[in-house]
Amino acid sequence: MSSPSQPQLPPNGAIAPKTHLNATTEGWFEYPVRVQPHHTDYSGAVWHGTYLTWIEAARVEYLRSMGIDFAELVKLGCDLPVIELSFRYHRAIRLGQEAIIKTRMNKTAGVRINFDYRMESPDAQEYYVTGVVTLVAVDRKKGKIMRNLPPRVKDALIKLLH
Amino acid sequence: MSSPSQPQLPPNGAIAPKTHLNATTEGWFEYPVRVQPHHTDYSGAVWHGTYLTWIEAARVEYLRSMGIDFAELVKLGCDLPVIELSFRYHRAIRLGQEAIIKTRMNKTAGVRINFDYRMESPDAQEYYVTGVVTLVAVDRKKGKIMRNLPPRVKDALIKLLH
Amino acid sequence: MSSPSQPQLPPNGAIAPKTHLNATTEGWFEYPVRVQPHHTDYSGAVWHGTYLTWIEAARVEYLRSMGIDFAELVKLGCDLPVIELSFRYHRAIRLGQEAIIKTRMNKTAGVRINFDYRMESPDAQEYYVTGVVTLVAVDRKKGKIMRNLPPRVKDALIKLLH
Amino acid sequence: MSSPSQPQLPPNGAIAPKTHLNATTEGWFEYPVRVQPHHTDYSGAVWHGTYLTWIEAARVEYLRSMGIDFAELVKLGCDLPVIELSFRYHRAIRLGQEAIIKTRMNKTAGVRINFDYRMESPDAQEYYVTGVVTLVAVDRKKGKIMRNLPPRVKDALIKLLH
């Protein structure tokens, strides 16, 4: 089912969007998108599951910007599967509209690697979707969570946190 | 990125799966699926966003089983957009595997209509994904949340709760 | 972009639908589908690329009905990638509608394995999409076309042709 | 099922790729893509249906480059549904790889609007997929093929042909 046109629910503590100050100072990585026909559903707005494709692409490009090539990582035997996600749909976005997916790493707890998301209009006056995605690093061969990340990945992730 | 092979994180209060007693007594609607090639990613397991297509189909068929034809509802001017969702990926499911999507309505609070989800192996011995999806009823013409549902829908939803 | 509501073009030799006589005598395998919200686009009809997910599922289940478990085949090192496809969209199908995907193997030429498709209304009075998909068997390790299929697969495919 | 790793079939007249001379002189519009996790399947290569999302985005952006805003067109009551498509998969493209989707309008015949496609490596040394997509202009209200395009669209399409 589509995301709503107007529903503006009161923010909920768990994934309430941060006040938007400045993309640069706050360390958000920005990934622009435009709504194509295949992103929409019968309502004319973006289907709620479509966002996960953008969310993923934004994360992969964010990692690339920090020197982590995700395809390389997989070849090296390390995967970063999603183990948890949580999203709120604040306002629908429709065929032809542009938006910015903003993402940044959040403080990690133990093996959990968290990314915050916030999808906004290009002028930052409206926001559409906010959420959090949690990954873990998995050893592809053993099928187990890696407690120690490959050093290059660890260094890059630490940089993302500052 | 793919869902993990093994990662078994400690359950988290927000969306911890209910103890599975009995599908019938507990009022779960069951929707079976099989993993086809297009559901998978490079890892050989189901891509984490694919689940949202199954989750939606299970909800639409659950509503149909209660006499609510979703396409009819939309024609009548009422939409049920997703305004919030939250999922945990407990165990990966791979190409060719079968699973059961279980869903049931949860108690609603105000205008929020909540569905619980639990995706299990056919023998109910393993579970793959658990989560919650929240919808609201929206008047398609006005683009506003409907505080009073169409009577037929309301009656059907009330039945789902018992 | 969506598939059309009415456009009924004159059939074109390349992929003109076979006259529909009798599903059973003609050896069609039937796979039923229902249009869910995520299958649609802004037009309210099914997005033209969505059909490929149904087409694939119908083919995999057809093979299963003949004793070929596709996931097993892949584990054994044999893949069946699509190398060519061709579809015509005759009539749109909309949110909530049901349809039958009909498929059958067509005579193969050399290494090419062809499947015909025809998507119809449940009462067989209307047809929506017709097409052909060509596969080849590939040795996953060598990355080369297999000129000799695994015997079990060969036997099953030969049966499909009669 | 995935597209193949090597299969290099002899070109087939219907959709044989044009010899690549020069993107600019030959009037190809270029749309770059990168393979993200959700584009792949169990084989590690792009799932054969994924290409249709890129093909569509390339076409919409090509039209935009000529002054046709697709979302505007739809608002004005004109849709451009796909009525036929035909693709050949020459070589697989894998997680993390980049490619260029090239598209250009082909001569139209009657109401049919044809777009040629050719997906290549960034250095134009390899090609992955070639194909043709045929659209018609449909009056959304009447659900009929428009024999006379809106003048602005007609003018833009004529420009695309030269």
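Note that the chains take the letters A, B, C and D in the order they are written out, and that residue 1 is the start of every chain.
Note that in this section a residue touches a chain if its C-beta (ideal position, glycine included) is under 8 Å from a C-beta of that chain, and two chains touch if they have at least 3 such contacts.
Keep in mind it's a predicted model, so treat the numbers as computed, not measured.
More than half of the residue-numbered contact pairs at A-B reappear in one of the options C-D, A-D or B-D, namely C-D.
Remark: among chain pairs A-C and B-C, B-C carries the greater number of C-beta contacts. One simple way to say how far apart two chains are is to compare their mean CA positions; for subunit C and subunit D this gives 22 Å.
One finds 28 Å separating the Cα centroids of subunit B and subunit C.
Computed from the mean C-alpha positions, the centre of subunit A lies at a distance of 35 Å from the centre of subunit C. Multi-chain contact residues, meaning those touching two or more other chains, occur in subunit B at positions 1-2, 37-38, 42-43, 49, 52-53, 56, 70, 74, 94-95.
By the touch criterion given at the top, residues 1-7, 9, 12, 14, 42-43, 48-49, 52-53, 56, 70, 74, 79-89, 92, 135-136, 138, 140, 143-145 of subunit D touch subunit C in their complex. Contact residues of subunit D toward subunit B in the complex are 1-2, 37-38, 40-44, 47, 49, 94-95. Residue ranges on subunit C touching subunit B, taken from their complex, read 35-38, 52-53, 56-57, 60, 69-72, 74, 94-97.
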